[in-house]
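Heads up, the next two complexes both have chain A, just with different partners, chain B and then chain C.
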Partner chain A sequence: MATAKAKTTKAKTKAAPVETAILDKSITDIRIDYYPTHEHEGVKFRRGHAMPFGATTVPNGVNFSISSSAATACTLVLFDRGADKPFVEIPFPDEFRVGDVYCMIVFDLDVERLEYGYRMDGPFAPELGHRFDKSVILSDPYARSLGGRDTWLAEPNWDDVYPYRSRLAFEDFDWENDHPLEYPIEDLVIYEMHVRAFTKHENAKVKNGGTFSAIKQKIKYLKELGVNCIELMPIYEYDEWENSKPNPVTGEMLVNFWGYSTVNFFSPKAGYAATGKFGMQVDELKTVIKELHKNGIEVILDVVFNHTAEGDHRGHTISFRGIDNKTYYMLTPEGYYFNFSGTGNTLNCNNPVVRDMVLDCLRYWAADYHIDGFRFDLAAILGRAQDGSPLSNPPLLESLAYDPILAKCKLIAEAWDAGGLYQVGTFPAYGRWAEWNGKYRDTLRKFLKGDEGQIGEMVQRIQGSPDLYYYRGPTASINFITCHDGFTLYDTFAYNEKHNEANAEDNRDGANDNNSWNCGAEGETDDIEINFLRRKQIKNALAILLVSQGVPMILMGDEMGRTKQGNNNTYCHDNELNWLDWSLLKKNQHLFEFTQSLIRFRKAHPVLRSSTHFTHTDYVGSGYQDISFHGTNAWALDGSPGSRSFAFMLDGEHAKQGAIKDDTIYVAMNMYWEGLSFDLPPLSNGRQWHVFVNTDMPEKEAVNTLGKEPRTDSQSHVLVGPRSVMILVGK
Partner chain B sequence: MKVNIKTIKDITVIEAEGNIDSRTAGDFEKATVDATQGEDKVIIDLSQVEFLSSAGLRSLLMLYRQVKARNGKIVLVGVSEEIQDVMENTGFINFFTLTELLEDGVKELS
Partner chain C sequence: MSFSIKSDVKDAPESGKVATIYLEGELDSLSARLFQKEIEKVAIESPKDLVLDMEKLTFMASAGLRVLIFSKQKIGPSLNIFLVKPQQPIVDTLEHTGLLHSVTVVEKYPA
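Let's look at the complex of A and B:
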């Protein structure tokens, strides 16, 4: 027998003297539940503890606990690491069951080599919601790590009787004095990245490219750029082989690269760890987080609680479906799967059992991994009732908002789902939740490409969208123009249409409403003017993003002009379409420096980072409103349908509600195709206007050094070039 | 897995041989804890060790914590490149001083 020692364990009779018992280690020896009462095929076990769920080390053994509301019997299945067959299967004696929970302590296990799973017996009656099949060995939903996909895209054993194997993890990581950073959310500059895509390209020039560990080698870069938060696309264990197929044209394997399809919510993706093949992914990920924190960078996880990798009724049974189908999934009255996620099934988030699992999971990541926040994929689903209808007071969202362990975590919703529920501005927030502001993205893109009739909305967007978040403040708005879904920033100005042919779905997949504009030619071009305009548009976008109230989010690589060649849905590509080509950094150094300068500017000016909405009044007696809007004529905003330009001024005396004195900032945005002269609002107290950004200037001249901005030629007006943005500082 | 203990000057040198994993970590810990009782200069020679599992890495860290609690110092000697890579990726390397050769380890502690 490989992992269970068959030696007989005898209860020790010697007890520590009472007066020294507390200090004496042998006190642990007198608990009777540290010794077995039962034996099955040489493996010793006893009644377990119902809580906590999952597999937990206890003195001399491992406590296993799992629940099912409808199973009639449960068997614990134990493997030595990688073995074809289990070394033992122990049926839970009925007296070990507490309510719906099966629990057992098994003794003398080698926890490092142990893999465990369950067989659940019960009815197969889909019309009643039950899909039990005791021939299948099931993963534990609470497993702390998973075996089976230990190395990225290593060919698995397709005939494995147990492909996704639950394992324990060492949970004694030495964090030293690490602590989540708890930055005020309005001070964040978020950088959305994919772990593998970030460093896999050979031009990344790192050791162990594409892994958690490799992120450490790019911390210096992230600090130079100035971002203080990275948002990792899904890192919960998923199967990159899911729905994999060869591209019919190129023969290249298309895989699940993005990872929006969770196999286990408590396990980090082993294939993202350089040490995954040794089962050390937990330590590796924690080491990266500790190192990021040490360098002042928060970590937010993109979490996918809306569905699982088990698909619809035709999908594989991995875990949830075989354990308690009716509990874990939203089912139609006929017993099929509701598909609000667009991926086959919908996690039944507002079932109390599932709700507890989600809460346990997030608590675990916050407490054990020191995660700073979570972004919830298709979060509108988390607010749906068990029959799919939207709830006005969803208990899961409320629980998360008021949970003491999650109290300082950022909670960010992607406030829509694939079932048509769109809640941007109306997501149940409980004073805590922020949202990916999809309207910010859409409005900015339309304005940037010169659409008419955008001024009214733009005025809202740059203020942190008070029209959407009046009661919640600008901190509810995660502002972004690009994210993993859709075009990169470069592609937004290089393509009118999506070009998803490489996805082998006849260009049907991916969004059609990109609000993009190719600046005169579709795709790559040698045209100097078009390329200049594209670069300018990228700068326009970044400039507006980084002076908007709310929380800016930048997509990995946009700061160096990353392209996905017009593909707006690269979920399936493990190649250059997703991998960040670091040679772009040299090619587009000016873009990097521009972004870097804008981030520094944002950090240097608290007036850009208000936690409350503007009042449009002068409440500090500076002679200026906290924010004022202007057109080509000062104090006169032209919001008419044909207008494509406007300006705003933030009064420095009102920074942080008057608590801090900052410079005054004036931003003029002209998306008209000709240059326009903007009259400047006069400054009081002898202050003068200085130019920080003028995107109409070539390359490096588009931005000046922070604090050394030159005075404007005229203090009464500035010429803002065609499709250009200017940022002035009054000081 | 075998452990040899020797002394160079006032330094306790532990030579390990074989793999340190969940099957052997217990023996390794016992041998090293016994040998380093009250000692504040410790070298662990890992040049004959091919693999350290999670449990093995934890044995080293546990020993480090014990020696450090006495304000002692611990040096790892002859750690293979592969093990160094694993230690780097999992953060364990940050706790230790590493030298290639035993004599450098001795110098480090002298």
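Let's look at the complex of A and C:
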């Protein structure tokens, strides 16, 4: 054992082995406030610092600090790495308590091998909100690293007295000159991805597939695609074994793959690190972030502050429940758990203690990991009061919006929760928060599959949804058609119904309102026409997404036709249903190139990336409104219920509110099942219309080279094919 | 397995002083302290090159990697660190944790 000497005999804590300490040559050169004053079973310690919370190194020791509003006593439990039993348990002397905070410095510990936890004593009285149990060793909510799940799906010791072990992390990473990139949000093209799913497939052809490190090997690909921001699905420490079970049909293990169930908010998931078994996940993740930044790619984390992995009253006690149940969770008057998250419990985010923890956590990730932004899962919960009611001015959201450390971070809300609070367009924003625009997704899907009555909404969506974000601007709208939760883009046009049988839940899980259309056959088909239409629909979707005002988000793999075989809820599958099959890149190279071209087009045309809403006026004297809408007749939008087509034109003279001169862009969208001729608005000053995209053309001809777009055959009209999109450039 | 360490510092005609540390066995968190002390010892000579002979090093724990970071901090960014014949798992870990760019892996020093 590498830690300070432990004695097997019980020795009472005794104060001040001072003489010994002072005579100890190794510590004669340290500050007087870092001398041990107490000793317990051979381990020396003294009163600690209340701040910061967690375990932090101090000269020759470690400062431990933890709070509980209702505990009657606290014991620090120290383990050597992986040991069955602790080498010492030190009760906090009452004089070490500052208010509700227990703090202690322990000396001569091997910080590399140390694992620590706490026992909290107090009443077990659920009706009063207390669930103390001193027989359980508890993880530190502020632990910077966790042991116990070091390697993905390595069978844990189920009899471990302390399964999720708090560890220290060190702040000696060499960031060189790295700095968060701080791109204007309107310039982002976000790529939502899952760390393991991105590179785990054998066709990824990387070393250590499925890890943080493997992302590095795909940075070149991300750059080629052109995205400048990746949004990582949860990377906080979670337990893939949670609720795991063998599939009764196939025997395959069903696990928590997505990770929306946090065990610890400050620790990166060791199982995602090739070096997790060495406890170096912190360094590995930082290395990837640094490398992504070096290549111009921001990193946004999908963070889950709405609930924890402890479940409801039947769940395991890991940390929060045993430390301060009433503080950390929203409880019913009877002492049960409110379940606004749909997972058993709800974090009590607007309790001041929890609020501070969330803020401390995000500050830590922003400052220590150089994270560029956060997407908050089920963020509506963050705006609920302690009794669950929605707050008009939620202090947590306000704190995050005005925090100086987070000042340049993107804050993105999933503005709904499982308790029925839907706040898309009304999420308390404080001038800072953007939202996953669920209405964008729904409207586009309906429009794309040819539903009637969508033109009015589409006009709003492509403008950055001013009907929802009038006072917040288009940058409040994170536009997406697909995300991890639901069909992939390919499946949106290959399946009418969800097909979730693989998890053996009889297809009961997952959403039923997918607004998808299989184009004529359910699932895979050899029908050439159907397959052509599917590919065209994918291109239609990507084309509209990337010319819409707001911030586009692409789901990992949609650019290469990824399928999940009609499954819209793959939360538990550690297999090809989630793993990105990189052989699709070769199979659907044209689709990749199409997406790549559209991203380049978006970057090349500032008129597509406005930070303010259009005014529908000509305020620069160009002779054109900043945006104008058209139908098959120019200047005449047909918004009647039966209409399935429209066009819009962005005047390049109005780009960036007139500060930049850009080309004029005209986008015609025809979701009618027959081709339609669109009259083109005439261009001034001898400019002519050129074709950048025509999704009705076969494969590679669907998109032309940026800057070398051919002129349209006619300058007065274009034929837009059935269920097709055309993008023209006036120059 | 045991761990042993020894070092020497020599004058090189053009490159200034060269400190060589010979590592053998398993470098875990305990032996990392010895490693750090050895670094501190040779740092006094302000070497230009630090050569870590790793041919006989079979394992390096995270504590050992942290000492590499420490050596840069202690001696300064101008220090060149050469790793002689490190085993592949050690190189992999250096790669994953971003330390590989701070060192030069060679078969023999001088490279």
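Following the convention adopted for this analysis, the second predicted complex is superposed on the first by the 703 of 731 C-alpha atoms of A that agree within 3 Å, B and C clash if a C-alpha of one lies under 4 Å from a C-alpha of the other, contacts with A are read in each partner's own complex, and residues count from 1 in each chain.
The rule we apply is simple: a contact is a pair of C-beta atoms (placed from the backbone, for glycine too) under 8 Å apart; a residue touches a chain by one contact, two chains touch by 3 or more.
What you are looking at is a predicted structure, and each value in this text was computed from that prediction instead of being measured.
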For this session: Put chain B and chain C onto chain A via the superposition and say whether they clash or fit.
Result: clash
For this session: Tell me which partner A:344 touches in the superposition: chain B (first), chain C (second), both or neither.
Result: neither
Exercise. Looking at the overlay, does A:172 come into contact with chain B only (first), chain C only (second), both, or neither?
Worked result: both
For this session: May I ask you to decide whether A:110 touches chain B, chain C, both, or neither, giving the answer as first, second, both or neither?
Result: both
Problem set entry | Which of chain B and chain C A:122 touches, first, second, both or neither | neither
Problem set entry | chain B versus chain C as contact partner of A:48, first or second or both or neither | neither
Seminar exercise, completed: So the chain A residues that chain B and chain C both touch are 110, 112-113, 170, 172-174, 207-208, 211-213, 273-275, 278-280, 283-284, 286-287, 290-291
Seminar exercise, completed: Listed in rising order, chain A residues that touch chain B in their complex are 110-113, 170, 172-174, 207-208, 211-213, 273-275, 278-280, 283-284, 286-287, 290-291
Exercise. Residues of chain C touching chain A in their complex?
Worked result: 28-30, 32, 61-63, 65-66, 69-70, 72-73, 92-93, 95-99, 102
Problem set entry | Residue ranges of chain B in contact with chain A within the complex | 21-23, 53-55, 57-58, 61, 85-86, 88-92, 95
Exercise. Okay, in this complex, where on chain A does chain C touch?
Worked result: 2, 110, 112-113, 170, 172-174, 207-208, 211-213, 273-275, 278-280, 283-284, 286-287, 290-291
